[in-house]
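Paired with chain B in one complex and with chain C in the other, chain A is shared by the two complexes that follow.
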Partner chain A sequence: MSEQELQINPIVQDSVAHNTKTLTNLHSLTASLFGVGAGILGLESYYGFLFYIAFSITTSLLFYILQIAPSSLGEGRTVLDSGRYYRGALELWTSGIFNGLPGFILTWTLFYGLVRA
Partner chain B sequence: MAWLSRPLTVIGLVILAHGCYSAHEHTVLSSTSVQHPTSPSATSLPLDIYIETIAATLLICLGLVLGSGTPEPIQWHTWAGKIEREGDSTSGDADKELRSNPFNALEARSGFINISKLRSDFVKYQQLGK
Partner chain C sequence: MAQLPAQTLHRDPQLFYWILIPITVVMVLTGVLRHYASVLMTTTPKKADIKAIREQRALAHGASLRTNYHVLSRKAFETRRDFLIEGFESGAYLKAPNQKGQPPANPMSDPNAMEGMMGMMKNNMAMMIPNTLIMSWINAFFSGYAIMKLPFPITIKFKSMLQAGVLTKDMDPRWMSSISWYFLCIFGLQFVYVFLLGSDNAASQIAQQMQQQQMPVGPMAPGQDPHKMFKAEAENLAVIEHYSVLDGIEERLLERIKV
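The block that comes next holds the complex of A and B.
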């Protein structure tokens, strides 16, 4: 985004921080939960990561449908456009995957060990 | 819809705990039973445990998403317009100071003060007291 465009349409930094914090909290919590699920099912190697990626994207989709879509569509934006709340599309859809990965692996290995002991 | 968040999460956690217990019992039973002396890693879980775990995960996920706060618009004109229209509806006490109405200073400023009129009123009041 160019300097001139930022001057014309200023951005509220507090809101940006608040949105990022909301999304990060959600993904950290759900990633630990998916680790529990993957550990209970006893998934190994690639299947565990596929499980994680699939459920992480599902979480983002749920977040979009329940929290973003009502006001975003009301504003006249197209479907799956998160521009009202996030600066880039990638921020909503993929940043959560990398935020939650350590928590996921932690609980995955823990519950795999607990259930299969 | 936010009130649904807590019950959904709790129900999901109970179901997930039950699924965890079932999976554990299944592993222990199948590794110690005489009829099927197979190694734990070779036995696969029954289908209902798979369904139970995935359903519980989705349920908790739904509860957590409903419970996560609503995002705020990032563009200044959208954000300020929303506050102007709907009033300052931020719920969190800690965040309230941070994200209050940006036009509060303009809304709450005092009008012009007519000093000479106040002065003459005061003089009248003083003379009345004597």
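The block that comes next holds the complex of A and C.
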């Protein structure tokens, strides 16, 4: 039955790939900026990672509010439901954390080294 | 337990100018170079002969009918199915209908298959050569310095990796040498490439490796008898139980517009 539903409302793979790529690019660019921030503030160990996670989720939230919410709420979906553009809720809210992590660590280390150590 | 005092180390600020910045610049430029090399090295697909293309397209036609039958009405589907099955079974679309039963040629001797393998070799080379070159360059010129301190603690196991060439036993493993900065660059420079080259770049090796793992197999895998593939496709088409997305559309529509 679910297969038939999928055929009635088909999902286009190209659009899925495009949405995912947009989100990934946003996260990898912003994560490097967060790294600059964390490095200049001189955060160490847990505080740095907490800083990163908090700001990464904030980025997702802003992305939701600015890009997804207008058309998603207009379609009658509940608040914070990303189903119009992303298949799982996790894809929007947490995937960015892992995508941006290497870039974050790179710039964090670089600026920590330049400013503090 | 008393807190250990943090190790401090006075380093020459020249280390930044002569080690950190050169390595970073070289890594970024290698990525850019790799991107443009892969753009230049993509070969335009060779002109295939018309019979070979017909063979491929007929097989693709069968496959797309098999996956998209639900958008056709029953009559349209059955007409297409019968036509394709007849063609598939009689071998009308074969490239060389007279050598139907013969075993397939050795893929190594087929020039088309060789072409594909060469392309893969080129890609691998474009990743391997810069890596080995830069690694040995860094090892030759920059080994033996501790240049930076990681902002987070790591276990002692990483010491041999991060401080390769720095033979100081009691040093905090957070201090890292130039080779570990190189590893950080390999993993973390994706954002620079996105910024410089756009999101479709071929600069990052991590992304390329992931792509290679999930490369789809083409419809005409070399070394398979095309007649057998046609037979299998005809069988697949014959067992489809047809239904249309328009079945029961009236009820669905009425349900939707009901207040």
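Of note:
In this text, the second predicted complex is superposed on the first by the 114 of 117 C-alpha atoms of A that agree within 3 Å, B and C clash if a C-alpha of one lies under 4 Å from a C-alpha of the other, contacts with A are read in each partner's own complex, and residues count from 1 in each chain.
Everything below uses one rule, namely that a contact is a pair of C-beta atoms (placed from the backbone, for glycine too) under 8 Å apart; a residue touches a chain by one contact, two chains touch by 3 or more.
Every value quoted in this text rests on a predicted model; they were computed, and no experiment measured them.
With both complexes brought onto chain A, simultaneous placement of chain B and chain C is permitted, the two fitting side by side without a clash.
When the two complexes are overlaid on their common chain A, residue A:Leu66 makes contact with chain B while staying clear of chain C.
Once chain A of one complex is fitted onto chain A of the other, the partner contacts of A:Ile105 are limited to chain C, with no touch recorded for chain B.
Of the two partner chains, both chain B and chain C are touched by A:Leu114. Touch criterion met: A:Leu29 reaches chain B and chain C at once.
Once chain A of one complex is fitted onto chain A of the other, the partner contacts of A:Val12 are limited to chain B, with no touch recorded for chain C. Using the contact criterion defined above for the overlaid structures, shared-chain residue A:Phe49 touches chain C, although it does not reach chain B. With chain A as the common frame, chain A serves as the apex of an angle whose CA-centre rays point to chain B and chain C; its value is 80 degrees, to a multiple of 10. Legend: residue contacts after superposition of the two complexes on their common chain; A:Leu41 is shown touching chain B, with no touch to chain C. Distance between chain B and chain C in the overlay is 8 Å (nearest C-alpha pair, rounded to whole angstrom). Overlap of the chain B and chain C interfaces on chain A comprises residues 25, 29, 114, 116. Partner chain C is touched in their complex by these residues of chain A: 4, 7-8, 21, 24-25, 28-29, 31-32, 38-39, 43-46, 48-49, 100, 102-110, 112-114, 116-117. Of all residues in chain A, those touching chain B in their complex are 9-12, 14-16, 18-19, 22-23, 25-26, 29-30, 33-34, 36-37, 40-42, 55, 58-59, 62-63, 66-68, 71, 75, 84-87, 111, 114-116.
Interface residues of chain C, counted against chain A in their complex, comprise 16, 20, 24, 70-71, 147-153, 184-185, 187-192, 194-195, 199, 243, 245, 252.
Residues of chain B that touch chain A in their complex: 1, 16, 19-20, 23-24, 27, 40-41, 45, 49-50, 53-54, 56-58, 60-62, 64-66, 68-79, 95, 98-99.
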